[in-house]
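When the chains are written out, they are named A, B, C and D in that same order, and each has its own residue count from 1.
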Amino acid sequence: MDDIKTVAKELLTSGKVNAVIGYIRYGNDKRTKPFIAQKPEDVDKFVINNFILNNLAVYLTRKEVSKLGKVAVIAKGCDAKAITALIQENQIKKEDIHVIGINCNGVTKDFDIDFNSENIAGKCLNCDVRTPKLCDSLVGALADIPSGEDLKLKMIRGVEAKNAEERWDYFEDEFNKCIKCYACRQACPLCYCEQCIVDKSIPRWIESSATKRGNFSWNLIRAFHLAGRCIGCNECERACPMDIPLSLLNRKMAMIAKDEFNYDAGTDMNAPTLVGSYDLKDNEDFIE
Amino acid sequence: MENKNQDPKIVAFVCNWCTYTGADLAGTSRLKYQPNVRMIKLPCTGRIDPVFIIKAFEKGADGVLVSGCHPGDCHYNAGNYHARRRWIMFHKLLDYLGIDESRLHFSWVSASEGKKFVDVVNAFTNKVKAKGPFKKYENINKEFVING
Amino acid sequence: MEEKIISKENLLKLCSDLLKNNVDIVTPGEKGYIKIKNESEISLNSKSKHTKASFKEYVFPKSEPIIYYKKNQSDVEIIEPKVEEKTTVIFGAKPCDVRSISILSKIFNWDYKDEFFNVRSRNTVLIGMMCEYADEFCFCTSVNLSPTSSDGSDVFLVPHDENTFGVKIVTEKGADLLKPYENYLSAGNSEKTKAIEASVKQPEKVFDAEKVRQWISGNFENDYWNSIGKMCLGCAQCAFVCPVCHCFDIVDEDYNYYEGRRMKNWDGCQFDMFTKHASGHNPRDDQSKRYRQRISHKFKYYPDKFEEILCTGCGRCSRGCPVTIDIKGIVTEINELAIK
Amino acid sequence: MEVKEVITETPDTTTFRLQFKDPEVAKSFNFKAGQFGEYSVFGEGECTFCIASSPTRMEYLECSFKKYGKVTSALARLNVGDTIGLRGPYGNYFPIDEMKGKNVVFIAGGIGLAPVRCIIDNVLDLRDQFKDITIIYGARSVADLVYKNLLKEWQERKDIKTIVTVDPGGETPDWKGEIGFVPSIVEKTAPKSDNSVAIICGPPIMIKYTFPVMTKLGFREDDIITTLENRMKCGLGKCGRCNIGNVYVCKDGPVFTYTQMKELPQEF
């Protein structure tokens, strides 16, 4: 299996791409940050380890990056799903990017913690895309990963078990923490709208104030706009400075999409999107 | 906002071609239904964005009724199929967040179903009346309200 | 400056008494600064990591109404809200956080005086505590602060050991707060306090703020800004957790057609919408320009205007940044560019 | 404030004539030419623009705005008798005292005439204290010219020189004024530059190309004055968005000389 540096260097020197988006170590050994290499020698800083948390697909739709021309991007299995979803939604073209897939051995929940069964990210526990489905080159080798308990799923089940009133109270409290910094939106690879619904002011559908009402509506609509689109990279939750358990919403929506339509986001770049298509046999028990 | 128990506020988002015409038919047929519904006509159920429903609740609606053409009858061929798929996701999300499912009602009412429209409105109004005002949403609305 | 000693037991009693006297106590919790209900929740750990957000929201709330209006026919009635005059004690804040109030009061009091801020800060008593936590993102020493600085605090605590704390009474306000509880305090031991303060590990001083200021003045169009702009995702996490970022937005909200309120909400300079004109023209239309504004505002514009660096070196913005854009690293690099 | 009169200037530009509801406030309110206000439609928000009438005519205030965003659209929907809010006056003003005894050139484009009009009226009311007065005004098309009646009035006055121009392609068959972009008309007109002050306001692109023309004509950079525009919210130097370098446009502006503008970071 090829080494990331060799692959990236080859892409840059041959001129196949103008830039490679990857990870470099930052600060201590348990932290990385995204980095855009434009010169072959920049590639030497690239690392692949258990702390490459960022989903680099978020950069592909950004104006500052698309200016660079054709880019290569390092993608874990979940990141490759995001790229697939972006292609599905016609935001990027397959031929404009080069995906360097990595055989992923799991990542941590956050930086600065050890990689072990306690700290492994929930999304890695039952991961079915440790080898990315969509990639132009593949690097790294698979190894055993620690197993752990999927706490978030347990939380979802916990919320489901509550009655409606308790659920409302729970989410009202959680959402009330929101400060409207929109880190969740900006960190999300699929939140690429040029103007977000919350920034639209004529009329103002979603209030920008961080009040209970504004927060509730914002988090509700964010979850809905990602329904059937969220690929579960969980970057929103990691980015949230107020520790709102956003995955409780996104994952629940993905579960609904699976139950209702047997749909998994980001698995087939040629498939129609979930809300962009329909089936005559869709469930309508709830409609009178 | 007073006397909410007797007088719930209901917002109906209806499609221009079927339900609205159905409501018209109810009118011309002199059928009576409860007057709590404020109807908002849209070109198609496919145009009913979930933010409309959120906004309705924000502005104090106790119930929201969404209605359009039966499957297969859409004036634009597939608008209601798209809408249906969206509603499946949306009503499950609202339920998960703890918004009482019975405050949001979906129905198909065609242009010829004046009677069905009356029944739907009456049944839904009674249901919302029984539920009483939407206290939970009112609470978050009234944060920082004038005079405390 | 008067110095006293207080035992942990008495400190808790003091908090309990304050709570009984209807004083709000805000203390660093596990996730953020929290208003406590019981004195046992108080934070006495000088080694704890910074909370994710600062206590800014207790003096400058994330959202607050500035006026209410009631319309009838063509007339409008305006009701101005009153900020409640209630004493709040910020207990056990780090020296970098405590400093934020005096920095912020410069902007809120030049020219027009912002009463919302002033009423709150007047009623806030700051009990700072020496800090024994330093990670790679801390740089208080570089912005002329230190983990032992009582600058900005009304009362400053220095833990002597697990059960005793040195109490420095820094301001009148601090003395007034403690006056009724004098019997909890005993004579001070400033020698010991000094020794402990000297033993605290100080974060390394990594840049010279004055050099950085000069470099920024002459390098508005430097390519260096572009390299950051490419990586920044454009959220306002950094601004919202920052103890001294103070930009805000003003929007109207209505309950119904006749009644509503005008809100003052936090806003951040990394948003595209922040400076976008109605016509579509945007003076800062690129992420690198927006990031340049952030750094320049903190290390040049604010010092130029108010002689105060708009940064306390707490490192929150970097710790929380989704893509680890490290302000300390960036300013250090600027410092190196300046030396060259 | 009560809307007393609504004047439709162009299809998308409206002028309001406003009067204070409270006579006490009306008595105490005063401002200087060039200052701006924060106008609000309750429930929609606030919006910043200059006071377009002259401080020498205090019986009413005027403001002109172009329908663009949320608040201006809401303003455009208002009728006579409606109430709007006004905070202000904010910002600095044109140095009218220093301009006395000098030649004055006013150059404006599009809706940029509104802030200039304030000072023009002010100067005209004190006509004998100034020397030659030249007004050069341009708009995209004939339909986009604002204050048509005033323009006519100015053109009829013998003691001032008024030139009105429209961009090429914007003329109508019966258009009698100049055709051409403002900078080239300024160059053609070549107003006297010694002992003169020029006041310029218009779209950024017009200002950008007029500056070199002015320097070429021999105007001192200190004597070229313009008013800047930025997105503003508070008007009090707090909220941070109108900040350009060290200055807050809402406090230290909106009136700047060319010299001052050159010192600022080029970010407007």
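Keep this in mind: a residue touches a chain if its C-beta (ideal position, glycine included) is under 8 Å from a C-beta of that chain, and two chains touch if they have at least 3 such contacts.
Just so it is clear, the structure is predicted and the values come from calculations on it, not from any experiment.
Asks: Any chance you could check whether A-D or A-B wins on number of contacting C-beta pairs?
Replies: A-B
Asks: For chain B and chain D, let me know how many angstrom lie between their CA-based centres, rounded off.
Replies: Taking the average C-alpha coordinate of chain B and of chain D, the gap between them is 49 Å.
Asks: Rounded to a whole Å, what is the gap between the Cα centroids of chain A and chain B?
Replies: That pair's centroid distance is 34 Å.
Asks: How far is the middle of chain C from the middle of chain D, if each middle is the mean of its Cα atoms, in Å?
Replies: Taking the mean C-alpha position of each chain, the two centres sit 40 Å apart.
Asks: Which residue numbers or ranges of chain A touch two or more of the other chains?
Replies: 204, 211
Asks: Please set out, as single numbers or ranges, the residues of chain C touching at least two other chains.
Replies: Within chain C, the residues that touch at least two other chains are 249, 251.
Asks: Can you pull out the residues of chain D that are in contact with at least two other chains?
Replies: Chain D, residues with two or more chain partners: 45, 69-70.
Asks: Between which chains is there touch?
Replies: Touching chain pairs, listed by label, come out as A-B, A-C, A-D, B-C, C-D.
Asks: Spell out the part of chain B that touches chain C in their complex, as residue ranges.
Replies: 59-60, 141-142, 144-146
Asks: Where on chain A does chain C make contact in their complex?
Replies: Touching chain C from chain A are residues 26-28, 31-36, 54, 58, 62-65, 111, 179-183, 185-187, 199, 204, 207-211, 214, 235, 238-239, 241-243.
Asks: Which stretch or stretches of chain B touch chain A in the complex?
Replies: 50-51, 54-55, 58, 71, 78, 81-82, 84-101, 105-108, 120, 136, 139-141, 143-144
Asks: Across the complex, what residues on chain A touch chain B?
Replies: Residues of chain A touching chain B: 159-160, 162, 164-172, 197, 205-206, 211-213, 216-217, 220-221, 223-224, 227-228, 249, 252-253, 256-257, 260-261, 274-275, 277-280, 282-284, 286-288.
Asks: Can you list the chain A residues touching chain D in their complex?
Replies: Answer in residue numbers: 201-202, 204.
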